[in-house]
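Structures are listed in the sections that come next.
In the two assemblies presented below, chain A is common to both, partnered first by chain B and then by chain C.
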Partner chain A sequence: MADPVVVSGGVPLGTAAGIDASTARGKRGRRPNNYLLVGGTLVVVLALLSVLAPLLAPADPNALGSGSPLLPLGAPDHLLGTDMLGRDQLSRLLYGGRITLLAGFSAAILSAVFGVLLGMVAGFLRGPVDSVIMRVLDVLMSFPFILLAILIVAFAGPSVFHALLAIAIANVPFLARVIRGETLRVREYEFVVAATALGASRTWILLRHVLPNVLPLVLSVLFVNVGWMISQTSALSFLGLGAQPPTADWGTMLAEAQSYMALNGGVAMMPGLMILLAVVGFNLFGLGLKQILLPEDGAR
Partner chain B sequence: MTASDPSVLLQVEDLRVWFDTPTEVVRAVDGMNLTIRRGETVCLVGESGCGKSVTGLALMRLIDPPGRIQEGSRITFEGNDLLGLSEKQMERIRGNDIAMVFQEPMSSLNPVQTVGAQIVEAVRLHQDVSRKAARAQAEEALALVGMPSPKERMGNYPHEMSGGMRQRVVIAMAIVCRPKLLIADEPTTALDVTVQAQIMELLERLQDEFGMSLLHITHDLGVVAETADRVAVAYGGRVVEEGSAAEIYGHPQHPYTEALLRSIPVLGMTHTQHPLSVIRGMVPGGAHWPSGCRFAPRCDYSFDLCAEYPPMVDLSSGQSAACWLCESGPRSLTTLPTAGLADV
Partner chain C sequence: MVRRSLLVIPVLLSVSVVIFVALHLAPGDTATVLLGPTASTERLAALRTELGLDRPLPLQYLSWLNSLLHGQLGYSVSYREDVWSLVFSRFTNTLLLAVPAFILATIVGVGAGIVGGLRRGEWVDALLSTAAFTGLSMPAFWLGLLLILYAGLELGMFPVSGMQSAGLTTSAADTARHMVLPVLTLAVAPAAVVAQVTRVALIEEMGKLYVRTARAKGCSRRRATLGHALRNTWMSVGTTLALEVTYVVGGGVLVENVFNWPGIGKLLVESTVARDYPAVLGASLVLAVLFVLVNLTIDLLYPLLDPRVAHHG
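What follows is the complex of A and B.
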């Protein structure tokens, strides 16, 4: 481990577990983190648009013929035009965002909960428990997530929930691996032995000492994952395995727009753009969080 | 002396801690015997690799695989066989009856919790008391270890403190449940010399106040001289010589102890009178102990008998040594430059 770091104020700071705030305070804290700023803005704006969709949407997203079909971008009364059934694109995008963002976020949380649990237990206990957990996850990892999703949907029927479940399950191994690695690092710190020497049980140490020290990594990975899972849920919806018509989500909107792209590019462009913005926004936000919470790893 | 002797707090008999590596078995501790009485300070000294830290961890049963405490080892604490206890029973003893202070105060505190929370945790692991009562005990413990304005310090994070202050916090955590035995593994090694003295004084004061026993594991013979009631010198995973500080410093019997003492510079010694000597060679390491006396290859006195391991011979007044030279009684030595150290 690195020597104790001294910042300009002369305060020695602990270096354990990457919570060392010296670089964050010394360098990055003074100027705003651009990743965090851009990513955060995108995330907040998208979240607000989704939450406020009922107030902002000019029309019912599923009302047929609220305008002529396939109106171009900037048409009067329909700012973003209409789709092939004459539904207002802006309203559909706003309502679609609610489903897409919520699905991505839920999938990320769900996979984080199981990934953190399994990764921490495996990394902390090591030995046979570690081997069994990690080999099972390796098997899961070798499944393409689309295949897994098709399997689940085949049994349970297509829905957004089943799609996000499939994605959450498929992503558990990746998170578990990262958290296992971090747990292996944290468990070697002397304060873990010191806690044992004070009479703490293993469960207690895992919850009180290991978890708080892996949490910064969990948070940053979680947000990067939200972006990644938005693109995955959209992919499943695009394939018809997610949200079912007439419900709008960005993936299904993109799928429906396929045949009409030549007539009106806007119908495909806008949902695609929204997915792009969401993925980029969450990725940047996660990256920025990582730089602030884990300054030592920030350069990677 | 037997385990039933009520003055004996902890007795270690034939402790063997071996580590399995893919190619060999490292016998880090191999036949360690140690007795700690109530209220006394025992210093376990030796150079790196002699098994002193592993002994400390083994007493708390903190040996992780690939390390194993071998069959036949016995650790008796207040008449209870520690090696026979379940993990749950052991958790109740750790921190409550036997506590430990580690070498590195930088890393033995959790960086994301306030020091107050960590001391409170130490209380609540063993006592079913309210948060408030635990806080009061924690503050009292901080005051006991000489922390200025303990109430305010409770809310500090470890990184806001200096090394010496952090070590005080670690000690506060260790003594907050009033253990009967405190194991201090090189508690001052990572600290400045001035702070070292303060921490040693603190440990002595706490020991007097609570009547607890102290097992002080160190390689610093200067610190030993000032604090120890009894000194146990370890080499090759065993105790090779034991006695009071005055005996060990005045007339060491084992050649290893003698060689250690001859290698400490003492203020005022001159090159011509007392040339500083070194112990030749290195500790062979736990996988390659020689079959006989483990110090023989580095010993200036070694002779044919040394091919067999010497038994521990009791000499005058509690001093004992494991060396064939002492078999027929204490050997006489030219006066060592360190002879006066223990009287200070």
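What follows is the complex of A and C.
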């Protein structure tokens, strides 16, 4: 699902926000990167809201009956209303963001570490090692990712940590493939041949010569992936396979919301909006990063 | 082509092993779930023997595989039904959502992609691209809830849960009305992907020399696009179809749970929570097989979409 090639399909987000590769060429450095600006702002705001949750939240997120149940949006003392149990939704949203964002971020980092490691080793060593690694990843990819994630959670029991672990594992193959392809390209460069001729060890070449060359790609994909993984971990939580009540994360909040949304629709929808903003924010940030780090790629 | 088809067998076998091992390593077995935490050790042991849970894992796997090849998936303890018939009826329901969503997504996606590609940089393109980007970023479960809330509950246009209205006899029209919202929800993300890929591929082809040649020879812009460039974009669109399947199958699990639709995805989540191994195994296996076979079909169809592929093997 997190196929970065398609994700970054070179889509300008409206003429105002998008940079057309053909017109941007030659003006780089003078023209602000709007993807990065919009995405970065969203990411920073969401991160700040989560980090500062204890200062900003008007109430304890899990305190029952901190207000009357099912207060609508904009109620006095409860800006975003209350849920079925009278818990303050703004507080739950702020604290929930901490779990959701952290889970998405950790999952992206984890899958990046393993994806880069496997991809680089497979692409660099080639031969039987490459075959074994890629066949195993093929099997992983032959599962729909959510099926794999559900199986892992079924194996380990539902919790945020297991959910993010499952999402991370399910996404390793995608990044590993991209990095393997990139490594296959980099290993043919003359400085790699030169390093080999000078007697450098494989580990040294991988870390000193290959890694820095795949790093820009890794970074941009990483941020796009944070967005997807926020969405995916929330999905598992929504299915009851992630964060467990009474802990608030945006996915579980939506699952709970399903029971009272007929009575209090606006309140029920807020966590979803936050997920959407997070996904859009990280995606744009990743795309913007890619334009800066890999300018020659253009529409890739 | 034969080689590609044979590759499916080890993949399917690995899939079945992974599913089997993962679930049997899980804490809490079927016997504990069935009898509850208060059951005596003797009764648990007796039930385990009866269900064959006390045998070594490889043996359990082989007997499961053997019965699988004989068309038996075992007996679901939580649904009190034969897993094969359970999975089969749920599978039909899943297809009822997946197939229309797939078709809808392809038509809308290709259409939007062509329009965006042709009107590149104009406001239509900007609008469509923004819509595609938002559609792709939208979590399917939230979109489903939004549709339930606004199109279902507030406007009362469509039913929001299950496949049939309660108390009525089964009618196709009623089921069709129940299908509208889930199919729409399911179609959004794949449509967005297809639109993005089609647009980029079309723009790329339009910049190639053969299109310029066609235009120079007096071919109209429309004809150069639809007759020449578009045909060469089928290849990348074909690749996307495989990706689209991922979205439909993965999104289907979520959408079925949002709309309480009795399909494979709902079965999967329910039986996972109930630790009903045979049902989880059956559901996962059907989903994985479907996924693998559809991808195989798409691979085999490439040469039809683009004859150049055949030469490269």
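Note that in this section the second predicted complex is superposed on the first by the 274 of 300 C-alpha atoms of A that agree within 3 Å, B and C clash if a C-alpha of one lies under 4 Å from a C-alpha of the other, contacts with A are read in each partner's own complex, and residues count from 1 in each chain.
What we mean here is this: contacts are C-beta pairs under 8 Å (C-beta built on N, C-alpha and C of every residue); 3 or more make two chains touch, one makes a residue touch a chain.
For clarity, every value in this text was computed on a predicted model and none was experimentally measured.
Contacts of A:S231 after superposition on the shared chain: chain C is touched, whereas chain B is not. In the superposed model, A:L55 makes contact with neither chain B nor chain C. When the two complexes are overlaid, the chain among chain B and chain C that reaches more residues of chain A is C.
Common to the chain B and chain C interfaces on chain A are residues 1, 11-16, 20.
Taken in their complex, chain A has these residues touching chain B: 1, 4, 11-17, 19-21, 127, 189-191, 193-201, 204, 208-209, 212-213. Of all residues in chain B, only 60, 62, 65, 88, 91-96, 99-100, 102, 104, 106-113, 121-122, 125-126, 157-160, 162-163, 170, 173-174 touch chain A in the complex they form. Contacts from chain C toward chain A in the complex involve residues 11, 14-15, 18-19, 22-23, 25-27, 121, 123, 125-127, 129-130, 132-134, 136-142, 145-146, 148-150, 153-154, 193, 196-197, 199-200, 204, 240, 243, 246-247, 249-250, 253-254, 257-258, 268-269, 272-273, 275, 280, 284, 287-288, 291-292, 295. Across the complex, chain A meets chain C through its residues 1, 3, 6-7, 9-16, 18, 20, 138-139, 142-147, 150-157, 227, 231, 234-235, 238-241, 251, 254, 257-258, 261-262, 265, 268-269, 271-273, 275-276, 279-280, 283, 299.
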